[in-house]
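Just below sit the structures, each encoded as structure tokens.
Shared chain: chain A. Partners: chain B in the first complex, chain C in the second.
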Partner chain A sequence: MITTRAARRRGLPQGLATLLLLAPALGVVLVLFGGGVVMGVLASLGYQPFLPGRDLSLDAYRGLLDDVEVRRSLVLTFRIALLSTLVSAVLAVGAALLLRGTRRGRRAALLVFQLNLPVPHLVGAAAMLLLLGQSGLVSRLLFAVGLVDAPAAAPVLTNDAVGWAIMAEYVWKEVPFIGVVVLAALSGGVSDLEDAARSLGAGAWSRFRFVVLPHITPAVVSTSIIVFAFTFGSYEVPLLLGQPFPATLPVVAYQAYSDTDLTARPRAMAIAVLITFLVVLVVLAYSVLTERVLRPAERRRVTGT
Partner chain B sequence: MSVLAGPAVPVVSPPRGRASRSWSAAVRAVSLPLLLAGLVLPFLPLLLWAVAERYPYPALTPTVTSSRPLRLLADPTSEVLTGLVNSVSIAVAVAIIAALIGLSAGRALGLHQFRGKRLVQFLLLAPVIVPGLAVTLGIQVFFIRYGLSDTRRGVVLVHLLAAVPYVSLVMSSVYANLDLRLEDQARTLGAGPVQVFLRITLPAVAPGLAVAGLFAFLISWGEYVLTLLVGGGAVKTLPLLLYSYLGSTDTPVAAALGLALVVPPVLLLAVTSRLLSGEGTPLAGFGRT
Partner chain C sequence: MRSRALVLAGTVALALSACGGQDDTTTAEAPSPSAAATGGFEAVLAEAKGQTVNWYMYGGDDRLNAYVNGYVKTELAKAGVTLNQVKITDTAEAVNKVLGEKAAGKDADGSVDLIWINGENFATLKQADAVECGYLEDLPSTENVDLTKPGIATDFGLETEGCEVPWQQATSALVYDSTALDDADVASVESLFAWAKDNPGKLTYAAPPDFNGSMAVRTFFFDTAGGTDQFLGEFDQAKYDAAAPKLFERLNAVEPSLWRGGKTYPAAQTEVETLFANGEVDAYLTYGSSGIAALVDKGTLPKTTRSAVFQDGNIGNYSFTTIPSNAAHKAGAKVLANLLLSPAAALENAGPDGAGFTSAIDIAKLPADQRAQYEALGASPYQVPAAELAANTLPEVVSDYVTQLEKDWKANVLQQ
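This part shows the complex of A and B:
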């Protein structure tokens, strides 16, 4: 109401003022993001802007279904993203509870906990390479205690079939990310509720399950959505730490895209569209699922049943 | 049974309580250092390699140390300095432009009620979720067509795609906490729109704006694949240099470049956390960098 009055005084109708304020941000998103999605779909169907056209077809998508590389890459990408997100979320909740209860050295602990938040993922990947590679620091430590007698005898943690180093990098980066948001959620009056629960005789597990967990669920859900989407679509981490075949989907997409043979373009675009589609699908499914399973009480309140 | 056991409870439970408390204290005493050590450990090989001249297997520390890798960072004849200039200028441009865009969009999102607001919020959230690589592959053709490919302008533009959604969402929550009565009071006292903005609104949202700008800076600073796609080989930023050194045999320089990419963001984090005075939530923006 106040804004309406203010806008009128400036001589602009509210709707127009809103539109003008939003225009630059919407411009960036609609042109770059919207344009990218639409052009990606068109290019996957064989459309080439500024070049002599071909007939639109679903050939690229049909090709993906028969493509062993893409199928194996899909499984690998899903597994890495899912495991990294799950492990990060569990460790982050534990870390947040741990840090919340820390009294002595709390400031220092929080500082160290947040230290890697602004570190670029490429640097994290480089660090993992020097840490977990077969001649890396871990292998040297194993040599020092006599468990390994040569780099070749060290466990293969980088450029491997499982993707250990990739997952290690994601977990390393994302535990503080989720943890910081969970800590913020925990600072909002939940300890009073815990005290009330304790005085009513609730044990440690009950207090966690019925007081703390519902309180932090929104924070965990929203951050783990971001983490899953990121780990599914990240390029540089699996490029540096993963094996060449099968690589994760973004790496395969980029390889196909940078192929000098332009007929590989629709395939690259189809993989890019597949990545977008799957991320959106998983995020939607996850949102619906958590809404139903974890917050029935809230839903009841909203729907009034 | 509870009635019978009643009198015994006060006698039994205090020791049990103390025992479980000390047990949880023990878990805490072990797991907290373990957690923090795990978070710090990956920095260790970077630090060791950055001062190494010779670091053969299985030595735990470099057998011959040298300041060569770190000195190379400041060497004007090396391409590192070009990379630094590119990285800083692009990230600063992204931060300023994204902050201005967010300053505008945040006001509408934080203070105005309008139809389609949820749609706008959804649109702004979509680039946060959908991987930037998948989207950028689609528009790269247009960057080439309009002469933006292989230029710093083009790289700034594609970084904005990643930064604008975050900055707009942060600014929307900053504006949501703005007390509009202050603006009204200034108007009542005769201040014009420009005066109200410069004297009232801007100072009120300035800390949030600084944080949002720092997010944008960090998103751009750490970006690799979008820079590679749009900048080609022509716009070499520090992450691109780091990647090419990781592929070479000069691991010490790669490690030094890694540190060069870590130190400015960590210093910025220290500034940010002071601005936020311990408030954790807006730091969420770092997750994507």
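This part shows the complex of A and C:
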């Protein structure tokens, strides 16, 4: 009894201290992000103080899924985000494994690998345009070596229906991001476990499948979730490299938001809320996944069962 | 997405040749003959001293930015007012900022003091009752403007009611490569489309609501419907419904002959201009034919670049500056709006060191010496002479037609 109370007495201020230490960060998230979400939801319901005499309603949401622009945009956005994330994750794991094996020139290789991390997406998108556009470097090279009759006859990779350039930009930017985190995960004692597995007769594939992969899975999944959420909600890259129709959801949302007719505003906000909702769903799915699937695997590995 | 309600570039062929002496009168404090107006404006000048004006404007025109941050900034400083140009890509951003601040209860001390604006964006601000009105006649520079002219008294059909200050005029033209098209091809929309069918992939226009793309669609609309006259005045749904389907039929018929087989359209006029500079397309419609000569001189565009207006006329409009009702520095903004409209600033702008825009000033109202300076500005072989640009200008129609066309174009052409 007394010990419990003493523990609680010691524990409470500690919890409070933690809370106080977190307060600045939490405050920023709650006020800036939470406040933004609340305002966005209100605006999607038609709350516009400068336009008096309008009631709140769900009209903006009702029309959303019947809207061919939003429907096709949803498919496109999902496809681009998913493909970019998968390709980035696979390439990043491959690159991390390769980099781990390098001895000579490892520092230089690492530097080159991480070089584009601080480059803004906007710059990457502009570079893709110069590289992959129909009058870009690639098409001019193809023309110069005689593979196409005119630079403009080169394959259409920018402002196209598939979104090749958009995905190329995301992959270019996100491979080092996932890769660096995977490299960090790989540095934590995994080689000892691999040696142990090797001494027990495990081949290269088995070592990868049963030792390395479980070790890096949490890192790959968590960074992939971040990449998916980012690419799903990113605006500037698809704006520069995509088509006016179908465009990705953030582009459609902004098109509606900058519509000069104020009555289009709730629709813009409804799309923005839809994006937020879908991304939150993905993150929730992730936390369930880590709880149910990944953690037991981790425990098994640690306890050796 | 780009700058829908803003005139990207003016017109003018006044721009080129380097004659015409520089006028160095301090225009911000130019005395007005009208005693009453002077009295009103003197108080404004006194109040404005020491203010910093945040002017939100489309920032994608390098020559205009140089003019604003050079000549305009220097002249404004002489009146004790500091200019802070805030570059935006779409005028709707400034409108959204004002509305956002008003929504947050900020009815004074707002961060936007002046906006370069016209058309739908002005209509939006006016709809939300967020513009300052009733100071227009106090500004001495309006002496030289015909305020009763339809394009100035109304902005895309909406009465301006003294809530915005005229600044420049923009007239559209077709820019083309003379090695690909001849005079007969650029005579009319009909001949241009016929040329496109024989030369697939070499013509395009930006997807509305891009400001220039929207103008292109209106140009085709008026051509299909047989002129603008029937669309002047209030929005008439019946007239629109009778004409619009024919337009979309015609545009869908020419679509396979457009750039990339018409499967997509450039999202912004800058993309169209890049396509032209790269030789991917051979012709495009623009409000900004004034910048062409400079681009040819720089080597960005080939020396075979030419401009033309269709024989049935070209769309033209005025752009304005307006002060949001919650602006923090209204007096400074008025001084700036007045300076922009002054004859000296207009001459500088139209001259070789300016952006090549035509002022909203009525040249006939100017004193003889200033008029002579204007007339001394020469023309260029790459651009349509100003007189020809203005000769057969079609007026803009109410913005309801514009927004309806943009919406229906999207549904009937882009999404088909």
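In the analysis below, the second predicted complex is superposed on the first by the 258 of 305 C-alpha atoms of A that agree within 3 Å, B and C clash if a C-alpha of one lies under 4 Å from a C-alpha of the other, contacts with A are read in each partner's own complex, and residues count from 1 in each chain.
By definition in this document, a residue touches a chain if its C-beta (ideal position, glycine included) is under 8 Å from a C-beta of that chain, and two chains touch if they have at least 3 such contacts.
No experiment lies behind these values; they were computed from the predicted model shown.
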| item | value |
| --- | --- |
| Touched partner set for A:A165, first chain B, second chain C, both or neither | neither |
| Partner chain in contact with A:A25 - chain B first, chain C second, else both or neither | first |
| Contacts of A:A81 with chain B and chain C, given as first, second, both or neither | neither |
| Partner chain(s) touched by A:V156 [first = chain B, second = chain C, both, neither] | second |
| Chain B versus chain C as contact partner of A:V70, first or second or both or neither | neither |
| Partner chain(s) touched by A:A60 [first = chain B, second = chain C, both, neither] | neither |
| Which of chain B and chain C A:F230 touches, first, second, both or neither | first |
| Chain touching more of chain A, residue-wise (chain B, chain C) | B |
| First, second, both or neither for A:D259, with chain B first and chain C second | second |
| Contacts of A:P244 with chain B and chain C, given as first, second, both or neither | second |
| Contacts on chain A seen with chain B and repeated with chain C across the two complexes | 48-50, 135, 151, 254, 257 |
| Residues of chain A defined as touching chain B within the complex | 2-3, 6, 9-10, 14-15, 17-18, 20-26, 28-30, 32-33, 35-41, 43, 48-50, 91, 94-95, 98-99, 101-102, 109, 112-124, 126-131, 135-137, 139-141, 143-144, 151, 172-177, 180-181, 183-184, 187, 204, 223, 225-227, 229-230, 232-236, 240, 250, 253-254, 257, 268-269, 272-273, 275-276, 279-280, 283 |
| List of chain A residues in touch with chain C within their complex | 48-51, 68-69, 134-135, 151-152, 156, 159-161, 239, 242-245, 254-255, 257-262 |
| Residues of chain B touching chain A in the complex | 20, 24, 28, 31-32, 35-36, 38-46, 48-49, 57-60, 100-102, 104-105, 107-109, 111-112, 114, 120, 123-124, 126-139, 141-142, 145, 157-158, 160-161, 164-165, 168, 180-181, 183-184, 187, 193, 218, 221-225, 239, 242-243, 246, 251, 254-255, 258, 261-262, 265-266, 268-269, 273, 279-281, 283-284, 286-289 |
| Chain A contact footprint on chain C (complex, rising order) | 1, 4-5, 90, 92-93, 95-96, 99, 102-103, 119-121, 123-124, 127-130, 201, 207, 209, 260, 263-267, 271, 274-275, 278-280, 399, 403, 410, 414-415 |
